[in-house]
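Structures are listed in the sections that come next.
One chain, chain A, links the two complexes that follow: it is found with chain B in the first and with chain C in the second.
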Partner chain A sequence: MASKLTLSNRTGWTFALPGFALIFTFIVLPFFFAIGLSLTNQRLLSPNPTQFVGLENYRQLLGFAVVTLEPERDEAGEVVRDEAGEIQYPRLRAITRSDDYPQYRGMREWFRWQSGENVMVVIARDVVFMKALVNTFLFVLVVAPVQGGLALMLALLINQKLRGISIFRTIYFMPVVVSIVVVSLLWRFIYDGQNGLLNSILQGLSFGLFQPVDWLGDPSTALPAIMAMSIWQAVGFHMVIWLAGLQTISPTLYEAAAIEGASKWQTFRYVTWPGLRNTAVLVLVVITMQGFALFAQIDVMTNGGPRDSTQTLVFQAVERGYGKQDISGGSTISVILFAIVLAISLIQRWLTRER
Partner chain B sequence: MAFDPDNYGLRLFVRYLVLCLIALIFIFPLVFMINSSFKPDNQLLADTSSLRAFLPVGDISLDNYFGAFRRAPVALFVLNSVLVTGATVLLSLLICSLAAFSFAFLRWKGRDVVLSIVIATLIIPFETIAIPLLLLVSKLPWIGLEGLQWGWLNTYRVQIIPWIADGLTIFLFVQYFKGLPGELIEAGRVEGASWWQVYYRIVMPLSGPVLATAAILKFLVMYNQYLWPLIVVQQENYRPIMVGLGYFFQLNVAWGEVMAYLTLITVPVLIFYLFLQRAFIASIASTGVKG
Partner chain C sequence: MAEVSLKGIKKSYGRVDVIKGVDIHINDGEFVVFVGPSGCGKSTLLRMIAGLEEMTEGILEIGGRVVNELQPKERGVAMVFQSYAIFPHMTVRENIAFGLTIAGASKQEKEQKVAEAARILQMEHLLDRRPSQLSGGQRQRVAIGRAITRKPAVFLFDEPLSNLDAALRMDMRMEIGRLRRQLGTTMIYVTHDQVEAMTLADRIVVLKDGQVMQIGAPMELYHEPANRFVAGFLGAPSMNFLTVDVLDLDGEAATVGNRALEPIRVATRRRPFRKDGKAILGIRPQHLRAVQSGKGMLHGVVAHAERLGSETVVDLTLRDDRELIAAFNEDKIFQPGDALELAFDTALAHLFPEEG
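Showing the complex of A and B:
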């Protein structure tokens, strides 16, 4: 009568139901909700009834085009130049506000580059969103390899047999237990343009040669500064995951390598690294997920500025969905974000599949 | 020669030197925070241009701490966070372990489908559902002491209930339960124990490590909550510590008081971590099993 021991529909459901109901209500349902809302024009408080708008929200966010601006020419067909010899171009408005090009109506300049005499301009329906999209990708593309690599180096360092090594492990891991909000506030002091700690340290090390930088106030350094801080905060987390992976590698493999006379690098390349394959996938997936969720650092440190150089997808989703009460706009960004995360975790799994 | 690669003592010294320099990189912002919390504002800002930033020197006092308590309802924020964190951790341990018990030991119709849905939620980052979840909780009903109410905004429950169950916690419990010897459970059943008795008399007493892991992970998430309470709690009465921080940035910012507040909410966690560091690190490492 083995079935009497194990088959128990009522008890099984009773035990699992509270947990499953909560997950269903607060994770699964909102997830499908997001997809549904992204097809409407729902706002949190709106006098107008909610309407189905199809893919309009996606078109609004993702629409972009490349237009070519040809130099202005005078009657003789000569290129018009100003006093400094710079070629004069028609204004972009001549295209985005013209009735000749209804498809470009309302688009704004995202960025431009010179191509011979002409200028190519990329225009987008929602420039801020495009910047958020690019920044988020940049963040993940930089942070994932750097943080993963540094964490592996720290793990190898901590894996040595030295007296007191666990003290160092404890210290390296410490920022992980500190709230990212607290960390972000502290780093505002480090990055401050006037007498921030980083400027002071760099000036001290260069004997005063270093010119102070307003790290968070300059569009070219703000995002890298946030990347560096984020790497600092969570590198200990991934160090611990690498350590767990390192400890699964059998010591006999290292003994064999030592007997064969393998160098340190060879041992790493042919023993350690192959044994860390699954760990590497996990570390990359986790960093990627954390990277795409970038929000608190932005909210505390820059609010997306300066000049939208630190806008991110989640920051935009919250600013629209909550700040501007534009629930459908925020949901659309969320769905795009989820599609990206899903695609990337599938690609990462495929790239590192068992061969 | 000055550098002899075979000199064991020197090599050891270099290794420790490297380890210590790296340790400085991880520790300096926290040292700065704690020391600054004892300094008046003008000295705090002036000290950042020198090593004095990391030393408790100059005009040292507890004034900032008193100032922080005067400026904001600090005790209330701490109480809110402790209440929300404590309730969520306890409920999560109970509900997730019960569900995992059912997935690991019981056979029932639909079990595998339900378990795959639970596992699938692991790839949904919270940030992608925050906005639709906000709309959902703003319309949910609740039956309380005042009868039927609509909307969960500005309550404790909105900070607790959505965070009780999650795929990772259930998954950790399932993995652990599957490693327990099955004979123990069968023996319990043969002796006539109900499933509930098997759960709390046999399985729970053996689950110390996984309970610690699940509790620590949930604690870190809940104590450090920011985005969710930011959008669902506008009333001061229910604000947790991280959102309460906004209080210090209205009007003129008193950085000394900010540092005192940050120290006040961070140091307890750090002490907690230093005492239980093995369990903390083991809990993070065990999330690595999910790969």
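Showing the complex of A and C:
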């Protein structure tokens, strides 16, 4: 179909221009903007001129240290204990506010653990960011394998010729079509601590023995609750990707395996799974990226709480950039997130490469 | 090794009957070829023997055992597919050893059997390659290798050579023939290529529309076709069919002729004909001879000639405007428009009733 239109270079570029312009304006430009802003002290609205601060923002976010607290001792050198026999330690602020340790100034406790008589305290310059970082990794580590695995199971189940199988496909896919904001709102009711659906069901099933839990109000259950909901919401999408992968596997390979005497598990192990290698890479990378971008659920359901137990990187980036008008801080988080996702994608590609 | 026996096999998809009652008995060690045009049900029949397809009716026995309800792996069959069906992510070695891996064979046993299969198929140097690095013929040999390592009772081939080019197909055909002599196992082979059928088979089963047309040795089918379909299906170029008038009828022969054909006597082979009715006369192109004017029984004009070197194929227009193909086993020059008179041995001609 060679015509003047398809052969002319200028025509081609003219057609591509709107797309290029949009991508450049809204993706390429902001990307470099973010890197640039992360090296300044830019605020959303500020009377002061912007200054170049180098890597100060990164130091602010990533700075952490481990300090050792030794037990308090009396004159005789004995360890001081309280009435319950607990060892007494000096307060952390004795270090972080001391002029002897200017490098720890402004840092706050992240977590601590006992080491013999001493206590090791990890202090961070930005504890909320650190919690967001850990929560995000935790979210990805749990959601990626569980969501990917469940999606594969569903895909295997619906990849059969059964009457009414398309009804099941539709049902499993339905949550994907619903906006995550709507889903999050609905699940807030499900997770409600007083008479939420989940509590009611669990109570019904246990004949009233189950004590209601405020799923989103308890720091130990809030993040798992959001994980469960997120897995449920997007599992249908990845199921469809797996299904597409399954259908590229030639049926004669299954017939050959059947004639050679392969069991169901052996057929999966030797025919299905190797045939899904490329799909697996895609699904894993997509879930990982979506996991790192966790925002809407947090914004709608918990706002990062309770006690920062559901803080995430993107939520923090938005919170800082717009909530606190700290554009440079938000940009810095975005750049860190980009570096993490890039590194993980490269590692995943390398691990799942064709050998 | 085993006998295979099909008794009253039927297969329907909903209301559509694909196989309409097939009875075939295959002896131990026999090489049987199912042949027929596409859609005749030959592949379906093979897949039912393999257990990949369920039978609607009938009894299937392998080695004297009814296997209707058995899974493919319990039937003791191995199958080679048209699309090779070798596993792309495994090396040749792993592919050949697949059945043994599945059965949990020891490493030593696997190695020994793979080596044996590789030796038989002359592919020792390919063992560590992946299927993507192999040619079509080599891939099919891997598939055959996988089939022979398990020492199955029956080999099933589903158009194994159809994806290969002509030269390779001939090589592989000979290789399968050699393999067959080496192993002596019962083999069932499906093809639409009559040359494969003629060269490989002990017996050929000709199928059409889900029914057996004729079963017999290749030469039996070639020389004594049971009906017009078999006569036309086997042999290339295919048999000429002329509509002729039955002029006279006695016990074992009929006198037939038409405007282009002088009256001749042809054996009726106990087929029913009516005096003054019509009949179909079948003559193989190779049985026709060009003769001097006045000595032939068929009269025509050359329309087109193809010189193949070993053979000359002539397309004639007969006196009654019908077409006839003649094949002469020498290189001869014919010009379009030449008048030609042809003769043939009437004992080699076949007379079929008009409807079938």
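Just so it is clear, the second predicted complex is superposed on the first by the 348 of 355 C-alpha atoms of A that agree within 3 Å, B and C clash if a C-alpha of one lies under 4 Å from a C-alpha of the other, contacts with A are read in each partner's own complex, and residues count from 1 in each chain.
Operating definition for what follows: a residue touches a chain if its C-beta (ideal position, glycine included) is under 8 Å from a C-beta of that chain, and two chains touch if they have at least 3 such contacts.
Here the structure is a predicted model, which is why all the values come from computation and not from measurement.
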| item | value |
| --- | --- |
| Which of chain B and chain C A:A256 touches, first, second, both or neither | second |
| Touching partner for A:Q266 - first (chain B), second (chain C), both, neither | second |
| Touching partner for A:L37 - first (chain B), second (chain C), both, neither | first |
| Touching partner for A:N9 - first (chain B), second (chain C), both, neither | first |
| Partner chain in contact with A:P274 - chain B first, chain C second, else both or neither | second |
| Touching partner for A:N303 - first (chain B), second (chain C), both, neither | neither |
| Winner by number of chain A residues touched, once chain B and chain C are compared | B |
| Of chain C, residues touching chain A in the complex | 50-52, 71-73, 77-79, 81, 83, 85-90, 98-99, 101-103, 143, 146, 150 |
| Of all residues in chain A, those that touch chain B in their complex | 5-9, 11-16, 18-20, 22-31, 33-34, 37, 42, 44, 154, 157, 160, 162, 165, 168-183, 185-187, 189-190, 192, 195-197, 200, 232, 236-237, 240-241, 243-245, 278-279, 281-282, 285, 289, 292-293, 295-296, 299, 314, 317-318, 321-322, 327, 330-331, 334-335, 337-338, 341-342, 345 |
| Contact set on chain B toward chain A in their complex | 12, 15-16, 18-19, 22-23, 25-30, 32-33, 45-46, 48-50, 53, 95-96, 98-103, 105-111, 114, 117-118, 121, 123-136, 138, 161-162, 164-167, 170, 186, 189-190, 195, 199, 220, 223-224, 226-227, 230-231, 242, 245, 258, 262, 265-266, 269-270, 273-274, 277, 280-281, 284-288, 290-291 |
| Interface residues, chain A side, partner chain C - complex | 250, 252-253, 255-263, 266, 270-271, 274-275, 277 |
